[in-house]
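This is the structure, below, for whatever I ask next.
Labels run A, B and C following the written order; every chain starts at residue 1.
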């Protein structure tokens, strides 16, 4: 349990309530005052926030400017060179030919790739994490550490052996399942590690109580562990979803590059590869690719932090 | 993925989309039909049930649409479905797919260097006798040679382009009394004349752009290749490309310095974009457009640059822009040009794949595809007038000409470590101010052992 | 276990579905793609469900083993096939040439004698020194600056936002910042415009070596700072107020409080943050790939490995670079394993 939780628990205790309640608001106000009165801190925060925001904001403005203005002047001159258009978005979303698809199709591909590629490792890793945390077996610690260490394998090197299996034994190269399985494998080490950290922090008494009641591992897992591990599951789900959605390399190899499977990032990289000619399409295309991760991210970000913090807050 | 070709192939798109499709109607009219194709031309390929062939290539966008269109009748008449997969990463991914045993049936290989390596790895299936017969009939010996290794013929040429055009505005020339130069010295003299006439801050005789994303520098290699071929002849060129004549040899350094007379002179470049240093950051697509604003008079780029001019610009001898081939150095020497092209390599040994290969090497296909516009072919069975544009027709005449010495783009033939890597970056460094001797020495050092 | 048959079935379903989803028919294709998605999810759920069901029903004697297998085997099997085996194969490949013949340490000799590759290694070291240090420092500073201030959530989101953007997207965003036009022309890249406003000469940020590496590094820092900031911010809030209060009463100033109380309190989070960012940095590929393609002396090991192996088909040299990458990450992993061991012992 983290220190804030402990503090909150103390807060709820009726015996201490007066004393604590008096103390905390004071402490809080005190700290806030200190930060806010420090000119340097305020200035620093503003500078960082501005620097971090400008690149994206600039691109956002650019994406609504007419093509010749994008090529001719910077977005900060928007007021001197006024121009506003949805043409860039309309063009990238709908333009297509006999051999290529429009951006909407790649958008759909990205969704079809990302959902299973997030859920599969989540399920498999939560099962494994439970086993590592609460089932006693030989070499459990060693295997767990081995799994953790697998994070160092550069996935570039795993591409060919996997593709060999997909195209040979399974015959699925260039299809969605190939991309799902590849992402599942590459996501597992981090997933098992994160979920294990969280699941192993569930108080032993809770698990014991369930066992005493006659629950077997499956019942314990589904009734006790899964509900309690929700923040960690959500956290990893966001992590993996962002990773899959934003991935270029895995998609490149396992989707076969065809328009039926290739995700947005791949199309974006191609547009970007022909930078000069696509200058006016790129900002709009980039924004379309950013929308979904932003929504996922902002709607779930509080879980994100809670899940990741497990195992790292104790001294 | 690092090849100039990928970019070069892509540029033909704008023209293809606009003029090409219209012209298709009046010239060939063969492709893109519905259910009423005339199948007599396709009987020789046989008919198949449920056969499909994957064609993998770097070609995307409108160019790819036209490619798909060009075999629509073939698909309908033979029953073979051609699954076209186009991605700019194909040149890299083909190595992965071959290594994993997941090779496509056919790949359109955009540069001979890669083709030779794939053949060397034993991945490519030799072409059938019928394909070879087509190539013997329709292509010159040198084109066949790029698709062969140790006397075995593997891959037929597909489309082509002519390098070394110098684009200009006929109106600008007429107004100022400029003549199209006959020799390289004339060209330099013309450049000087233009610089002397200049009274504008932004005008320079030449506009140059070597920028091309991660392939930046490749347009510069075309300059060097043109000059090596014209200054020292085809034998020296072949030796240089084969790695026998090093970059640091006097011959090649001379070619760099000759190009440098123009490229490194701030009075001559870079019209509409700035000084010498702006060459690397100006994209090759944008560079020539400065001719239209009157910011420059000359731009060196291949035949496919036609596509960049846009719909409103007439490309003709008496139009808005036109081009002449980089002139020869020795007035008495014969004509010579450099160019590029693609090759059709098969990785699967079966009848349907062979049928597709045969079709793509035929004059039937070449006529249909050239008729759709945007590209040209070195296939002798195509009448240059089929080409959708004057520059295309002229380029095809050059390619098919008996007395023109043709040499393939050198950087596409060199090992990847040089041709798509150190040669490009060498050009970038050279434009950035490094000496010819240090740049050429560095390129030599990058040759694989 | 269980995955093979599903995969084959799904593949078959896909093959049935896709040929009809021809290009041009957007809605038809979309419906069919979602069909594949649904079949995939259903098949996965069915297999996992069946495995668990039968493992649950096994006779008591074997139940422990079977249950354990059902829990860990699917994940371990996939890891074995997808990561362990490739890792072993890579190490082997690193000692072979293009023809697959054993050549001892030649690939490593090659690596350390080529100026280009030495540059790549040097670049990687620069990346791995700068990105974790700067991202963590800036993230921590920002977390402290905005702690308990009004609008903290919004301020956090601003810095957090780049985390959600793909490397490819970030590459595009930053190319618009670094865009160059020659002197005297209207700049469309913000950075050059600022330089020009201050009377400077526009620079080609992505081309001029060695500074271009630093401009790529900035992009990575831009992405990673949000991650550091969010975790550290949560950790700071977990430091008990009482301790800070106590140190304040002892007369410590704000800096001393931060350094003597806050930093020790968030030490383990710092380790996690630095580790994660370091590993991400060592593996950085997309940024370099999409922004410079590794040209102009900006390549890093992960990119060079890809170029050597896939672009040039020099598998041995690519694999040797991968091994170097293993070795570079190893100390970090070992440190973390030690920390993990300690934690397990406490438990």
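Heads up, the rule we're going with is that a contact is a pair of C-beta atoms (placed from the backbone, for glycine too) under 8 Å apart; a residue touches a chain by one contact, two chains touch by 3 or more.
Predicted model, so just to flag it, every value in this text is computed and none were measured.
Using the average of C-alpha coordinates as each chain's centre, B ends up farthest from subunit A.
Annotation: A-C is the more contact-rich of the chain pairs A-B and A-C, by number of C-beta pairs in contact. At the centre of the protein atoms shown, by the Cα-centroid criterion, sits C.
With each centre defined as the average position of its C-alpha atoms, the distance from subunit B to subunit C rounds to 38 Å.
Rounded to whole angstrom, the centroid-to-centroid distance between subunit A and subunit B, based on C-alpha atoms, equals 43 Å. Subunit A and subunit C have CA centres that are 11 Å apart.
Touching two or more other chains at once are residues 98-100, 160-161, 269, 272-273, 275 of subunit A.
Across the assembly, subunit B contributes residues 93, 96, 99, 213-214 that each touch 2 or more other chains. Within subunit C, contacts with two or more other chains are made by residues 289, 306, 309-310.
Contacts from subunit C toward subunit B in the complex involve residues 115-116, 180-185, 204, 207-208, 289, 292-296, 306-307, 309-313, 315.
Touching subunit A in their complex are the following residues of subunit C: 3-4, 7-8, 10-11, 14-15, 18, 21, 23-24, 26, 29-30, 33-34, 36-37, 40-41, 44, 48, 52, 55-56, 63, 67-68, 70-72, 74-76, 78-79, 81-87, 89-90, 138, 141-142, 144-150, 155, 157-169, 171-177, 186-190, 193, 222, 225-226, 230-231, 234-235, 237-241, 244-245, 248, 254, 267-269, 271-272, 279, 283, 285-286, 289-290, 302, 305-306, 309-310, 318-319, 322, 325-326, 329-330, 333, 336-337, 340-341, 343-344, 347. Partner subunit A is touched in their complex by these residues of subunit B: 6-7, 10-11, 56, 60-62, 64-65, 67-69, 83-90, 93, 96-97, 99-102, 211-214, 283-286.
Every residue of subunit A that touches subunit B in the complex is listed here, in rising order: 97-100, 159-161, 163-164, 166-168, 173-174, 252-253, 256-258, 262, 266, 269-270, 272-277. Those residues of subunit B lying in contact with subunit C across their complex are 1-2, 91-93, 95-96, 99, 117, 121, 201-202, 213-217, 270, 273-275, 277-278, 280-281, 416-417, 420, 424-425, 428, 432, 445-446.
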